[in-house]
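Take a look at the structures listed below.
The following pair of complexes shares a single chain, chain A, combined with chain B in the former and chain C in the latter.
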Partner chain A sequence: MKNNSLLNNFLYLLFFFIVFVIYLPIFVMIVFSFNSSKYQIMPLRSLTIDWYYRVFNDSQYIEGLTNSLFVSVTVSLVATTLAFFCSYSLVNSNFKGKSILNLFFLTPLVVPLILIGISLRFYLSSQGYEPSLYLVTIGQSIFVMPLAILNLSNRMSQIPKNLEEAAWSLGSSRIRSIFEIVLPACKFSLIATFILTFTFAFDEFIIAYFLNNFSITLPIKIWTSLVTGFDPAINAIGTLVFLTSLTLGLTAQLLFMKK
Partner chain B sequence: MISKSIKLKNINKQFDDVKVVHSFNLNIDAGEFVTLLGPSGCGKTTLLRMIAGLEHVTSGNIYIGNEDVTTTPPNKRDTSIMFQDYALFPHMNIEKNIGYGLKLKKIEKNIIKEKTMLWLKKIGLENYKSRMPYEISGGQRQRVALARSLIVEPGVLLLDEPLGALDANLRKNMQIELKKIHSEFGITFVYVTHDQEEALSMSTRIVLMKSGKIEQLSKPNELYEKPVTSFAAKFMGFANVFSINDLNNINNKNLVDYLETEDSHANKLCFRSKDIDFSISEQGNFRVISKNYYGDSHKFQVINSKDLIINLSTSDSNSSKITLNTKIDLKINSNKIVLLKG
Partner chain C sequence: MLFFFIFPIIHTLRLSFIDPNNGLYTLNNYFAFFAKDIFYDSFFRTLKLAFFVIFFSVLLSFPLAYFICFVIHRKFRTFALLILVAPFWTSFTIRAFSWQLILSDKGFITWFINLLTGYDIKLNFLYSMKASIFGLSLFGIMLTTLLLFNSMITIDKRLLEANADLGGNKFTEIKNIILPLSMPGLIIGSVLTFIIAVGDYAVPTLLGGGFKPVLAQLMLSTIKGTYDLNTAATMALILVFVIIIACVPLLSLIKQIRFER
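Showing the complex of A and B:
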């Protein structure tokens, strides 16, 4: 028994150590975002929110943010909608090779992002499409789609099949029952999937970098600021992005639990 | 409501390699209450789902009324199905659930409201109309599901073990209620169950099924009193089913005489445990090997020197004298014996 509690304590400490390691850099970033000094060194000189002002008054950050929002919202709308119908057919049909098709839907999850970026850029340029925010939207939709399908098909497989059957027997067409029975039953998962795909697209850098020309997204802007000489405003923007992502991510988790 | 007949012509159904329904033929008249009765896996639910259009037939034809509906989708068939778990729409309140079928028919809103209210009153839930399905009891859900199915005035109502999830008391009441509704509306009911008592108490005819085929098709009293096969006999609660040769071992003159004069097609016979007269006797050929109490009766198993086991039951209070290993004498009245063909 004594040994066991020793092990328990050790695992407990290990857990906190890992959480600490994960969140330390973020914590440091948050602290420095309020530091009035230009340099990233302790001790802090004095507290300020000037960096936040600067972010909101810098047209480049605002442009990046606007572009990012536009792309992410479009991506999550497209991916959630497509994934809803994909999941419906995956869950409700039983054709040959279904499991292989399922695999194809999920592989973008393990394909390196850089491959998606490069191949899409080459293919779409060869078709005469110039890199732009629209291409980023397409690329990121492909990137977040497996995630959306995983979430939604998981939820859909929990809906009793005979709800729809009861609707059909009362005179509902298949299309109608999808919208009136299945869609409301997936309500929370749909919102959660939308939020989740939004945060993934919002943070995405590689695809955005490869498929873009001049209209930068927020992650690209942050990266440019980093390589062209450190700007402490990055701490402020990082803090904002982190807090937004955290809130959205937690909301999504709660919604998934609610089904 | 216009009640419709059903005709199943040579229906076969196969799931991958498993054949679940074999060349099934059945005619159901308009207004009948027909029960598909059988153990789980006998194909009764599959058959019901094929009538509803929720399952394709592998071969054969289904007619509802005079119309061939074999390939008609479920929403275009004049049937309505009710499930064991009721399948109420979880995101709609009781009123919306009941009115859903009418909404699909593009009926005016105030007429839907009127008709829904009528049904809510009929099932005694008018005060519950804005509750959600998870906020009412199992019995109430059941009545909502029934109202939802009947409000669209189907020609045929299909019921898939609708009482299976209710407790014994509620189930008895619902049997009476269902029977009432059937005679009130006169629509055709096709009812699936594995419970012989449910089948007997409600049906005009019972289709006893075994491995995807009809074992026996008859009126409830015929099935109960004159089962044709040993499967039917056992399913209808005959506790004693023997081959005729085995029973010759019983030292009972009447029985043997009776059997010798019967037709030679029968090779088995059966009798109910309550139809055996018995008495405690030191010279008895049988010995008690088990005794169980069932409230209104006692059930015994007795065995003779040739290892023939017979089931007895009695509601006689004298039976308390009988204990394990009591010697017993049996008499089986020959007119209680039913001969079986295999």
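Showing the complex of A and C:
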């Protein structure tokens, strides 16, 4: 028994240590974003919100933000809609090779983003398409599709099949039963999937980097400022992006639990 | 999906076998890759990085998942899991950058140590492979803990009671019950961690620095620098082969599941 509590104490310690390690840099970044000094060195000078002003007055950040919003909203709309119908047919049908099709839909999950980006770029430019925001939309949709399908098909497999069968026997068409039974039952999951795919697309950097020519997205702008000399406004934008995605991610997670 | 996912990969596969000079199919690109020191080195550097990352994330995720599953009070379970994996949904780039603030030689840690002891120390940690391993391991820990937790939570608690009744201790409990039953989560977690570690670009650049590039960095600089598509495609395909090999344990898992049901 004594041995047990020793182990438990150790585990408590480990848990809090890891949580501390995960959140420490983010905390420091948030602190620096209010620091008036140009250099990222402790101790802090005085508090300021100048960097936040800078972000909102910098046309490049604003352009990146607009582009990112456009891309990620399109991506999450496309991915959620497609995933809804894919999951519906995957859950409700039973045919030979279904498990292979299942696997096929999930493969992008095990392919590094850099490979999705590179091969799409090679392929599409060999077909004569120039890199643009639309290509980014396609690439990111592929990257978030497996997540959307996993979430939605998980929910759909919990809907009792006989609800739909009852609707059919009462003369409802297949399409009507989808809209009046399956869709409302998946309501929360759909919203959660939408939010989640939005978050992932919004933060995604490497696919956008490859499939884009001139129009920057926010992660690309952040990346270029990081690599080419330091801009203290990064702390501010990083804080904003981090808090936004954290809130969205948690909301999505809570919605999934609600079902 | 077929158009935008499978075709591009096949196209890249074809590119990697084409000789850039005369357009014929050849294996020369692959020989050239392994003949050049910089490619050869970065290939093994990438693998080394990935293995260390898996090692650390499994080593730490296992006790963490165990803790969340069996030690902590039921009420706090979801909360503990969420707090641990929440940053998973946020931008990878920004988190990697925030580590720069902490780890650099003029960063938070050296400042803190100076404050406590009065000594100026140099960490020499940032821009090394250690820093890459560190950054990616943290990511791996989140992922693996989440997946391990999913397997562990399904373990029947009566098994643990039986173990205690029959005179077993913590060690036999972990060895005979928890480890075998959470194996699926462990395998999926390590494979996914491996894939992220070999394919990641942001962390090796921001934390590992550019002097000892990994494959992803080389690929990008090849495309942006010389626009040598065939070499880049070869690197991409080598990465794909490595990943296919890494996925073999997953296949055995799928078979197992099918037999059990």
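Operating definition for what follows: the second predicted complex is superposed on the first by the 259 of 259 C-alpha atoms of A that agree within 3 Å, B and C clash if a C-alpha of one lies under 4 Å from a C-alpha of the other, contacts with A are read in each partner's own complex, and residues count from 1 in each chain.
The rule we apply is simple: a contact is a pair of C-beta atoms (placed from the backbone, for glycine too) under 8 Å apart; a residue touches a chain by one contact, two chains touch by 3 or more.
Here the structure is a predicted model, which is why all the values come from computation and not from measurement.
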item: Touching partner for A:Pro219 - first (chain B), second (chain C), both, neither; value: second
item: First, second, both or neither for A:Leu6, with chain B first and chain C second; value: neither
item: Touched partner set for A:Trp168, first chain B, second chain C, both or neither; value: first
item: Chain B versus chain C as contact partner of A:Ile138, first or second or both or neither; value: second
item: Touching partner for A:Gly238 - first (chain B), second (chain C), both, neither; value: second
item: Which superposed partner A:Ile181 touches (first chain B, second chain C, both, neither); value: first
item: Of chain B and chain C, the chain that contacts the larger number of chain A residues; value: C
item: First (chain B), second (chain C), both or neither touched by A:Leu14; value: second
item: Overlapping contact positions on chain A, where the chain C interface meets the chain B interface; value: none
item: Chain C-touching residues of chain A, taken from the complex the two chains share; value: 3-4, 7-8, 11-12, 14-15, 18-19, 21-26, 28-29, 32, 40-43, 104-105, 107-116, 118-124, 126, 138-139, 141-142, 145, 196, 199-200, 203, 205-206, 210, 219, 222-223, 226-227, 234, 238, 241-242, 245-246, 248-250, 252-253, 257
item: Complex contacts: residues of chain B adjacent to chain A; value: 52-54, 73-75, 77, 79-81, 83, 85, 87, 89-91, 100-101, 104-105, 148-149, 152, 158
item: Contacting residues of chain A [partner chain B, same complex]; value: 160, 162-163, 165-174, 176, 181, 184-185, 187
item: Of chain C, residues touching chain A in the complex; value: 1, 4-5, 7-9, 11-12, 15, 60, 63-64, 66-68, 71-72, 78, 80, 82-84, 86-95, 97-99, 101-102, 104, 106-108, 111-112, 138, 141-142, 169-170, 191-192, 195-196, 198-202, 205-206, 216, 219-220, 223, 229, 232-233, 236, 239-240, 243, 247, 250
